[in-house]
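In the two complexes below, subunit A is the common chain; its partner is subunit B in one and subunit C in the other.
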Partner chain A sequence: MAKHTLDPVGKSVSRVDMYDKVTGAARYADDLQFGPGLYYGRLVRSGYAHALIKRIDASKALQVPGVKAVVTGKDTPIRIGLYLKDRFIFAMDRVRYVGDAVAGVIATSEETAEEAAQLIEVEYEELPAVFDPEEAVQPDAPLIHPDLGDYEVVNFILPEPGTNISEHFKLRKGDPEAAWPKCAAIVEGTFRLPQIQHVPIEPHVAVALWEPSGQVTLWTSSQSPFAQRDLIAQSLGIPHGNLRVVSPYVGGGVGGKAGVSMEACAVVMARAVKGHPVKLRMTREEEFIGTTVRQSLVAHTRIGCDAEGNLLAMETRYYFGGGASNEYGVNIARAAGYSCTGPYYIPNVKGDSYCVYTNLPIGSAMRGFGMPEIHWGIEQIMDQLAEKMGIDPAEFRRRNCVKTGDTILTGMKMPQIDLVACIDKVTKAIDWGKEEKPSAAHKKRGKGIAIMWKAPAMPPNPGSSAIVRFNEDATVNVEIGAQELGQGAFTVAAQVAAQALGVPYEWVRISAPIDTKYSPYEWQTVASRITWSMGNAVKAAAEDARKQILDVVAEHWGEDVENLDIKDGQVISYQSEREQPLEKMVIYGLPSEDFEGWKGGPIIGHGKFMPTYVTNLDPETGQGTRAVVHYTVGAQAVDLEVDTETGEVEMLKIASAYDVGKAINPDLVMTQIEGGAVQGASSAFEALKFDEKGQPLNADLVDYRIMTTVDAPREIHGDIVETPLEDGPWGARGVGEHVMVQTAPAIANAIHDALGIRFNDLPLSAEKIFLALQEQQKD
Partner chain B sequence: MTAHSITVTVNGKREYLTIPSHMTLLRMLREKLGLTGTKNGCEAGECGACTVLVDGEPVNSCMMLAVEADNREVTTIEGMTDDEGGLTRLQQAFAEHNAVQCGFCTPGMLASARALLDRNPHPSEGEIREALVGNLCRCTGYLRIIKAVQAAAEKGEA
Partner chain C sequence: MLARPGLPSFDYIRASTAQEVVRLLKEHGEGARLMMGGTDLLVRMRQGDVRPKIVVDVKHLPGMSEILYEEGAGLTIGAAATMNQVAKHPAVRAHYPLLAEAANSVASYQVRNRATVGGNLCNASPCADTTPAILALEGRLVLYGPNGERELPAKEFFLGPGQTALQPGEFLTAMRFPQLPSGSAGKYLKLGRSKAGDLSLVGVAIFGFPDETTSSGYRFRIVLGSVAPVVLRALEAEQVLASQPPGDETFALAAQRAMEAATPIDDVRGSAVYQKAMVRTLTLRGLRDVWEQLAGRKE
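On to the complex of A and B.
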């Protein structure tokens, strides 16, 4: 019997994409077929971290049979970027990292393109390079973007031309100088995080077709079809209506497929061979160095509390190593600035957050968007302060964590959340305070806790829209521009539509792939904003359709619309107890009672959502009425063992709890919580490595390891807290990124509990832990 | 570039193909036969997304030349469902446990799990973890995949 789920919001209904994904029928960008006219692209990348381009000679490459064209920066002397237009699609006069795209070869086969790419001669003049963000802000550091002052930039990002600083966010609250002497305990530390990579299992792929008519189509694996359309259209002077971006299922996003990275290269290459689609597919090595990475961070942080253990003052400087382009990364530093305290109420704060150019791969959005980076230090300092004060770390956090109605660091009133409930859930789940025995004599066991907050980091007014269309049999097509990355966006859209319409969940279909020519606008599938923002748009569209239906039936029956409802796919009247199936009437309408004419017609509802209440912040103090739309908060606790003979860490259990407002699909929330815990744990052991010339040393999956089945924790526990969000659909807020934000510091706190050793720098490699144990024994 | 003629049975159907000597089994499946359910994640034998069964054994199809598949039997994700598109117990278990998110590792994961259950119908949790160690997943955190394989084993996956 076919399933028939009514009122699906809050139920763990099965995913709309599940059948396609377990049968191999789900199509991804690389699976699309283009026939024999398809050409293949290959990029020529810089071998220098910083150099001037003196000469490019493509003559030998162009003689290879099958080569159709070669493009270079001179073909597109225009910059691209989301918040700060600082990136040439192909390098112009200089390269800024090993991997910078210098030229693109288009040929009839992949092999030919590869062979020809090696024949392109590029003459460079090497320049001094800089890799550490703190060195890059020194006055004598090599200048990576001498033209920074000429770049187009949004009004809330503040670059400092003549330096390598692309964004400086200042937060000033209270009077820290006056507060320090009142502190009973102060802890300060420097914390370092390396660049890491998203490692989606599906590498980036883009196919572009530039028609002789000027119509352009781009098929990509993308979290951001509309942002790609906007940014590429702006840069290349294509009318938005002529640029169509089609994006099927995404095989893992993690932020790396947000905005534009290599896709613009494919479009420029297609322009050189009009009428032929050009396919550009990243190798795994290119995925590591030629798309984007998570920014590195150096954090200098000092926090103090009074004699009762109440936090009093904080001072922090965050230097984000943004890599060669900061077009997206500037907003990561800004987000880190306006959230620089972490999830704590601190009355006196001085925060400076910088995004800094370095000669390394391009730092950009990655799940958590600055929050995993800053929580790494904050959450270790909180443990150290608690220890100094003789207060249990969980209790210390309960006392100081941000609560509903607090005036937080930017001057904004904290919307409804319950972080204390999250702390209570994880301490219970992990038997906090109970000492556990290690499994062997050479192992040591420890527990650690960490809490987090994160707001959607985005412009003040990103929009979502949705269309709900009925079919003859009352099945419903829901059109959205939000992307399915695996997080379950399509399933949530279907649940929201079914609930708001009053039809069974199984009647709803999602119109996919997302196609900017047919799908309604969505800013980007990022920032954990989709369940909330798209959810509101779908709900509005369904309510619009519902109203249209009820108006027709009310008129038809001569009843008051207030007495009508839609239940189980039928219009019912609480007044007359009449019933009208939706089937047919949602397309053909209803005949008049006397059969003289008809009412109604095809039902198409539309809806939109855009936050209208976010305000600008003062550039000198970071103060304003409403810095962000809202925050999601959560807690994690871990139980682990360290092998003292090898330095290896074994994850026994991770317990997580997040306040999601309302779980539209509780089991999908749990899949985020579980997957995020493992990605977060994995991130504690990951690092991209470079030599002193900026050459990547581990751009492959053997030397850059992500957690496997044998590394994954033995147990993962999840709890859901539901404190409704005022403007969320049924109270829902996002949780996609939050689930990995504080895992690394929770692990560090547990390692400290086990060994009595604190690690300020990531990664937590076995070698580093082993050497620290050796050092400890000497003492 | 030398061309070779091979005969290979793919998902129960015999195929006669002419292929260049350097073509991998992965490329043959995707580009010659249009079987795009098998995914290309690294082409270096590191991620497991391209795992298929060759004579019942799990193989990274990016690391095997197509000519080596001559006179052998290959099963891909497209060959796992029955003729009516019905799911196997293993696929059902993946669905019931929400052991899938982006889905890109799923075909390879199912191939490795299928091979495990064929040689060891009642694996321990440790044996499942060992058998799937070559299949990377960035979304799920693996535990639901492990539980799904256990559940399929309990129901007697054939």
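On to the complex of A and C.
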């Protein structure tokens, strides 16, 4: 082995998947080969936003040569869902959005399945539909889930049966009514964000095989192999031990491959043709409406501060447009509720966060999970308050942002963070306060800042586990259930194991693909929780293995185990200065003196981690001892110029700083920061668009524009702040989603600095900015 | 509703003579589609917009991909020459830089390796990026049909969105451009929603040259893309530039006239109001640019 990296934690070692990814050797779900017995599936989708299904006639489809079976809602009578079981795998009696899966056709080729799918006749009775979440909560709005009261739901989600509200989170702290009169400045606004899509480079794909024996295997591109096993097993009545989910590398997740979306359809289709694997893959167009999207939001927010510029009171109502199913999305509204102030200390708060059914594609997890949505308004209001008070916006944030030990909105004490340091870093990087000239007379230049917080949004007790297995030559196999989405989870696992074991980084191998039959349990690769949670589990497993080794050697040498250590793949004694290589002994053990017997044996360490301290919150006030495990915080500042003759925005520089506790791999943190800056900026300029009947208008990459390299900020700067987290491995906390949470409002604040114009609604566009400039000139 | 995976079945025929193409077109009528780069046809077949029974590949016909330039005679570009071929060709860059610039603005580099200028014209899309330049340079199209070859000024080719003057059995084999007036200059400006790979929201081609027959001493041609059912010449704007002395005031008035000539519609890509305003912005920028080139050349 050429390289030999000791103590890799904190070093920018090469990724374990580098060679595979750079050479193209990496295999993804669609690359797997299944031989000539493979069938293909295609879905029949609703053309109506809301309708009753009166009749499905598949007789013509079944006559097409090569068609093997057709499945419909009749085959899937048990609802599925993560937090709220509100969704049929195939629509049962009604469709709730344009794109809802109504039937599945299985055939010997994808083309045949598609041809047959077009021959399935579905008779609908159209119902009134509703698309805006605020309209959907009105008493006369069409009811999208009349059976909401019957749905199985976890105890911390509170639906309101008889309405379209699937979750209502209430936050009550202090006395806002009494505080408003004491405010020297109050800013109020309504802010809107549209649905957007993740656009992973690899569209969703699933292959399912239902064997006649009852063993079921699902090969899929997934952030959540274990959650998929759990949810699909429950819905289809499969014993968990009989359902195996195998997931190779994921070509981009961003939340869109969390939980279950189209994968369950593939399993149901496979059940209809037992013994034959069935492949179901989404076209790029289906990706927009047939998987999941980020929820929309309407926010009404009011914030006030006293004469010194200290925040005093906040009142907010968040209406999340959750789309046709909110099985995952309910927890987005909840997360937005218990974090509704953003990263600020505000003594008096009234917050109501609603997840609302609408007749649009299914809203679910997307990078940041509720936080990009709420920060869009909050971070613009903070700028407006600072302006009213004559305080520099960065200084206003330093004064009011959350600090370690603060009693935050839920009553929880803020764990260790340093947000002020993040603000200092980005303002320095961008020459905050220094006015810069635009590059041409028709351009205007501006700078903007925004800060953020986010807690991992998840149930109170998601678990991680890991196994560390030695091989004869003392190379190590690390088994985890966390998924490699491109973020570097496998590399971090290898670094943590090497560091905790005392072996070179290059000795560690990650056991992949993730396979629920062989890999140890991991809740989901979401919420930026993996470095922290899986990291702790891997560390525990490595420490377990290390202890087993040291015990054997201590006994062998007759020394106190406290005096032994593992360094560079050798056990060493600080007492006797003896050395024992790990090679061979980690499998064969060590012989006794004179070879009269042996000690030890194959070394296998195991470890787990599960937060045990998160408490439930009071349903009326949102108060509790510990709402979340921790928060990651950060700041971004943007320098941009606007072409006043076209409205085009050019981002000259974006600076980001995040408090990651400990950068296990600084290069990986920087790649998150770079990717987040681009995705965050991109998310400010595009939206899924629908006509008045809920038909998608831009469900393709021709008319749904994402930023390319040439559109990205010209310079992306990143800084890392390290305030150790009490229960993180070496103090590490996650930084994956955070990097795009406040990008859009940072841009909006910079545009305001340049033009003096505020935009309350996303998406921004050159057109919108140009037309606003025209209006401004008229005034 | 959504595009399907893969393509519906069809027969692929690689034509080797022009006569064969004419015969196949006559035989199959609407059931036959000609293909060169396929960057538009295959996409539309996948979307289900067109369902040809046979696809006739004409890019291998003799001369279809050739680019020929002869001093005095001008430029001939085979209909199947790719965008990148045109954009990179030394003679095109030296003598018809406006055309090279327009070809280089189409979609992305990868698409430009396949997409052809002839295909771009035959789609008759109002947002085709090479059409404004071809009209500004007063190109002529060579058509081959049952009665042999004929030539048509490019401006007479476009009848409406997707509609051309091609007769049954007829197809485009080449574009011809006259030798350009000496001291001429051109500019193509395109506005998309992102900097690369987008369709144009507005495209403006400007071509200008000294002309003693006008009272301003110059003649300009202004051609607008994406803002009318067909690519449009802004004749009123050209008239302003022919009659009034070149300068910012004249250019502003001409840009205003160009905007007035545009008749865009609201769609998912942009509103009519914005597109009209951008015609003015781009025309003004283009005129200033071309004027700088012309003035520079005069010195």
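What to note about this one:
In this text, the second predicted complex is superposed on the first by the 778 of 779 C-alpha atoms of A that agree within 3 Å, B and C clash if a C-alpha of one lies under 4 Å from a C-alpha of the other, contacts with A are read in each partner's own complex, and residues count from 1 in each chain.
Just so we're on the same page, contacts are C-beta pairs under 8 Å (C-beta built on N, C-alpha and C of every residue); 3 or more make two chains touch, one makes a residue touch a chain.
These figures come from a predicted structure and were not determined experimentally.
Of the two partner chains placed around the shared chain by superposition, subunit B and subunit C are both touched by A:702. In the superposed pair of complexes, A:710 makes contact with subunit B and with subunit C alike.
Contacts of A:47 after superposition: subunit C is touched, whereas subunit B is not reached. In the superposed model, A:21 makes contact with subunit B only, not with subunit C. Contacts of A:317 after superposition: neither subunit B nor subunit C is touched. When the two complexes are overlaid on their common chain A, residue A:114 makes contact with subunit C while staying clear of subunit B. In the superposition on chain A, contact is made by A:771 with subunit C only, not with subunit B. With both complexes placed on chain A, subunit A has more residues touched by B than by the other of subunit B and subunit C.
In the superposition on chain A, A:283 contacts both subunit B and subunit C.
In the superposition on chain A, the residues of subunit A contacting both subunit B and subunit C are 283, 700, 702, 706-710. For subunit B in complex with subunit A, the residues that touch the partner chain are 30, 34-44, 46-47, 49, 76-78, 80-81, 85, 87, 91, 94-95, 98, 100-107, 110, 128-130, 132-146. Across the interface of their complex, subunit B is touched by residues 14-15, 17-28, 30-31, 33, 198-203, 249-254, 283-284, 485-488, 667-668, 670-671, 674-679, 700-702, 706-710, 712-713, 715-716 of subunit A. Contact residues of subunit A toward subunit C in the complex are 42, 45, 47, 98, 110-111, 114-115, 281, 283, 285-286, 289, 645-646, 685, 689, 695, 697-700, 702-703, 705-711, 765-767, 770-771, 774. Those residues of subunit C whose C-beta lies close enough to touch subunit A in the complex are 1-6, 8-9, 191, 193-199, 268-271, 273-274, 277-278, 281, 285.
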